[in-house]
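Each in structure tokens, the structures are laid out below.
Presented sequentially are two complexes of chain A, the first with chain B as partner and the second with chain C.
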Partner chain A sequence: MTADLTLRPAARLTRPRAAPLRLDTAIGHAVMVILAVFCLFPVYWMIVTSLRPANEIFDATLWPTSASLENYAHALRSIPVWRMLANTFAVSALVTLAQVVTGLLAAYAFARWRFRGDRLVYSMIAMTWLVPFQVVMIPNYLLVANMGLLDSLSALIIPHFAGALAVLMLAQAMRSFPAEVIEAARMDGAGNWRILWQVIAPNLRGTIASLAILVFISTWNEYFWPLLLSRSPENSVIQIGIQMFMTSEGTAWGPLMAAATMASLPILLIYIVLQRQVVQSFMKSGIR
Partner chain B sequence: MIRKTLAGAMALLASTAIGAQAQTIPATVDQPVTITYYNYNLASTGNGADATRRMIADFEAANPNIKVEGIGASSAELTSRVQADIAANRVPDVVQMVFSDLAYGVDNLGVVGLEDIVPQAELAAHFQGMSPKGLKLGVLNGKTYGLAYTFSTPVLFYNADLFRKAGLNPDQPPKTWAEVKAAALAIRDKTDAEGIAAGIFGPSAGDWLFQGVVRSNNGAILSDDRKTLTFAEPAAVEAVAMLRDLYDSEAYTNLDVTAAMEGMAAGTIGMYLQTSAIQGFLVRGAEGKFDLRATTMPRFGDKPQRPNNSGSALVIMAKDPVKQRAAWELMKHMTSKEAYTIITRDIGYLPLRAEIVDDPAYLGEWVKTHPLVRPNLEQLEMLEPWTSFPGPNYRQIQKIMMEGAEMAVFGGMDPAEAMKAAQDTAQTMMPK
Partner chain C sequence: MADLNISGVKKLYDGKQVLHGIDIAIQDGAFVVIVGPSGCGKSTLLRMIAGLEDISEGDIAIGGQVVNDIDPAGRGCAMVFQNYALYPHMTVRENMAYPLKIARLPRTERDRRVAEAAAILDLTPYLDRRPAQLSGGQRQRVAMGRAIVREPQVFLFDEPLSNLDAKLRVTMRIEIRRLHRRLNATSIFVTHDQVEAMTLADMLVVMNGGHVEQMGTPVEIYRRPASTFVAGFLGAPAMNLMPARVQGGRVVLEGAGGHALTVPGLAIPEGTAFTLGVRPEEIEVARSAPLMAQVDLVEELGGSRIAWVAAAGQELAVMLPRDLADTPVSRLGLVLPAGALHAFDLASGKRIALTLAEAAASQRAAVAVA
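Let's turn to the complex of A and B:
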């Protein structure tokens, strides 16, 4: 601890002398600037296209000669954008909550108890992660149809109530949780329920936050399942709304980009607020 | 995969449905009934969706006992949705079915023959005034399964400004493939634009336009008895070789359907062969920028062009007689003079009832101010059906044929060899 305190000022003193002179640092920054422009340009182009009139959509100019918000008005007239955004938010939030809760319960069982076939069950859950959703889409569709849930948001939520990623991530985190703390809690008279929610869960805040962000973003971007279920725009999500501007008679790029800009705002907002957590989530679980 | 999983169940359902078809529907709908209407215009925004909703509302107002539940699904995904809903015991009542899926719908999904449920006199009365060629589009094995609903023909759109810059006369557009080649090369030489693009190849192209090119050279893709593939026969290969020559000469540019459509709208392509249904999209792009015009599909020398349709038909899948009556009433409404006026004017397709074109009560005045629709109407007289392949593997067969042709045109393979290899592979997938 003492060594840390004495070393830090020395590091601070040397940094200003070395940084401006180093060529590799300058090159590094230049590369990062280019990459940042490369990453941001599609976003810029989306916004600029959303401001172009129909006969300027394919112009390559950086700014339209007659920018207008007409495409936004068109998009709002054509699809219930706010309703679809609210639906998408509700579905993403509920799926995230459900997967965190079911993931915590399952992970606790796998991390804390040994029971017959536990490794087999754990492996099977891990293997479900490898099965593309498209494979189970039709059986799931028949199930929700038989439950009378077609054309409802419940059908978008219920099949995603539990996720292998959540179980695996949380089980891994719980296995590395100090057993001594759990034993101490048990000696204090805490049962499994209390240990999970009052001892383990608060200490796994970082992992839970990472998981929640990942699940929320992937649910927000979900396309195939809502596409199969979609029967009316009022009960569907924004990704389907955006796709409605693409038809065999041509794509309405202006309104599509306007809808896409509006759809990306909530995710952008989440990213701005939770930037550090989002980056950590992607680093922890691999970029998806 | 979805299609294969459900194929067995579909075949069983179709066989049970055949027994249910031998009945006549009641004369009227005397009780409240709700029918489902699967429509791909409803899955989009814009004129198609608005017009469809308006037509449904008009129908419900005129038929207070019938409520229509409109269900939107994109054209590419609609048949899969129908399959999934049949498996979930929710058989659709009326479906807007893409013509290439029609045979599959009849053989596997239980599409109902109109002659089996509608009294002959009533059917004849409704068919009065419809284009005989247009009516044939929905006929399979001598029975009418679908009525052409939103359908169109291939039109050669061209940029008259680029024609002028290239020293060509835009009032005399090319009529043969040889003239197209010459015009495209002139445009390439004297402007910065590409010569010609066509929506023949690409993931979303289907095979309808390719069929039109092959047919115009008196070729065919399938024998009359629907048992043998014929797209490697000399006439079809010759048509493919013509496209290859067009590409090798650099007159024809290899662009995806969407890229080509957008290039035409942006004014960077001289000519574009594609469905007339994209007219609205091109007009919006050209507005105030260049002179967009259209002419009929090119022909091979002196042979008359034989365009086939793209688009969809309305089919009935309802099994209950009362619902069948309600479905037939909806179908009649959607194929009436008023409906085709809306379909042609607002969505951009062809009217199955040619008589409304010059009638001032319907399209008469509108056609005068919209000359781009003329080539499409002209081709209605020579329209031939878009052939749908038989059996559950129809999409694989179509894909193999199109990949073979694409390899011949753009991939450098010998046209005869590429088409023969594709035909031999695809023939093994045909129903025995």
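Let's turn to the complex of A and C:
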């Protein structure tokens, strides 16, 4: 190594010297590797199990001896996977769009206007974020049932039309938006509507993207609410499809894992494409 | 273009009064600079003219029309902000065209005005860049361009040069003045920088603590400051102010020496204590004089030198004459010429007439105003 560096001094200038391997860094890395294995192993196991033939399903080998796509074929035959994926995508996309739009409108009001009780309303919205969905599930169910929307995709979307996270995140971002720019827009003749959509929103692209990713992923992974509402497979999302392999006669683990793998793929793709953005949005929102 | 009338304007924030009845009449086409220390209410006043702040009391009229209840866009004012306030996601062209787009001007007219403003401000090569790709001076010019294209009746400038470095500030100052000469639009410029104030203004308004201390041309204000505040605020270094008293028909400096000055036609009654003022550049320096001063420190400014001296128990700033420029000095004789002295009331700080001639002149001025 030394000889190599002396022979090529240019490399020495451009390449930072490798940090000496110290004990504490080594321990740190070891811990991270263990944690990573903990997180990744279930995903790995899901994929491996989905490739195992039925008679090997409970094998503890790390790799299936005779991998096959039989489980995928089975899954595609027994439930309308494509339809369900399309449903899930449509629901997630519409919920995301709706939350961004309603969030922007509400956040603008909170960030820009002073009105009687504004702080109270804001903190009440913040509080709804702390209430678990299971608490409002039954009232929501009754509401949707009375609207005659049971077993429909609309019922999956409407209760999520506005979200506290969206309002809080966007209001925070808008508060730090320079007041002078908004005043300049007012002097230029822009009203509130223009200021929101033409001046503020285009400059909050980063926050909006983060928010959209968070909402999309969490809607995609939603299970309880669809479980409560869905009756027919055609009006269900993929998470319900997975559950359909768990019957009173037993669980079809192979097709279930195949369906689960297919359900994860779109999210995995989003993650791969927007990796940096996704990690940032999780850090920004301070959750998970 | 229009004249602008501010009458009896007050501003209250949560019951606390920050502007105490401002009256300013601005002629069409004038370049008015409002100057004062931070917190004096100058920016608040400008924002009230712009329509960004409500008027608690009083009226603001532009071109004869009271605009109190007209929204900012309808007042015919364009504002240049301290931090430029450009739209970060728009190009220079879009930034400048935005107010015209909102006003639904036809595209050809928009393009014509933007091209014209860009040519005036040397921005033509940068029209397709975004603000982040521009230097501070260029951003400031875009902000001015956005104001120019609207062809406003009144230009408002809110400390527009304070974020620029010293050299650029001088360049932009001259550009703003040239621009005013070219467009001849009524302009109101707020600053805390006295050099900007002196150099830019046709009319200078000095504000302090929510009041107008003095209004007038820069030269008038410099030569006849209306109060110790104005005397101390304009001029670098500031006017020397020292306690004095009239004794035996002469002006006697309080303090160690008890130095007495003969002022012909002294108008201040015997025994009165007051504040005496004299500008550093008006003090004459001699090898020896009845008033001797100990030099404490000499500041080299290149073109001139300022000596900080102790005389008659006071610290005074003295501008050294050129012929003394290179000699080291430790003791100086000082002459305070009677014609260069200012007198201020001890309690209120307001200007009082030092001589009979001054008293007569101010009486004439008062009669003329009335």
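Keep in mind that, in the parts below, the second predicted complex is superposed on the first by the 249 of 288 C-alpha atoms of A that agree within 3 Å, B and C clash if a C-alpha of one lies under 4 Å from a C-alpha of the other, contacts with A are read in each partner's own complex, and residues count from 1 in each chain.
Assume contacts are C-beta pairs under 8 Å (C-beta built on N, C-alpha and C of every residue); 3 or more make two chains touch, one makes a residue touch a chain.
This one's a predicted model, so the numbers in the text were calculated from it and none came from an experiment.
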Clash or fit, chain B versus chain C on superposed chain A: fit
Where the C-alpha centre of chain A sits as vertex, the angle toward chain B and chain C in the overlay (nearest 10 degrees): 150
Contacts of A:118 with chain B and chain C, given as first, second, both or neither: neither
Partner chain(s) touched by A:188 [first = chain B, second = chain C, both, neither]: second
Which superposed partner A:145 touches (first chain B, second chain C, both, neither): first
Touched partner set for A:180, first chain B, second chain C, both or neither: second
Per-residue contact with chain A, leading partner among chain C and chain B: B
Which of chain B and chain C A:199 touches, first, second, both or neither: second
Distance in angstrom between the closest Cα atoms of chain C and chain B, superposition on A: 49
Residues of chain A contacting chain B in one complex and chain C in the other: none
Chain A-touching residues of chain C, taken from the complex the two chains share: 50-52, 71-73, 77-79, 81-83, 85-89, 98-99, 102-103, 146, 150
Residues of chain A defined as touching chain C within the complex: 178, 180-181, 183-190, 194, 199, 202-203
Sites on chain A touched by chain B in the complex: 54-55, 57-59, 78-79, 134-135, 137-138, 141-142, 145-146, 150, 227-228, 230-233, 243-252, 255
Parts of chain B lying in touch with chain A, wherever the complex brings them together: 1-2, 5-6, 43-46, 48-49, 71-75, 77, 81, 84-85, 87-90, 204, 258, 261-263, 265-266, 275, 277-278, 280-282, 284-289, 347-348
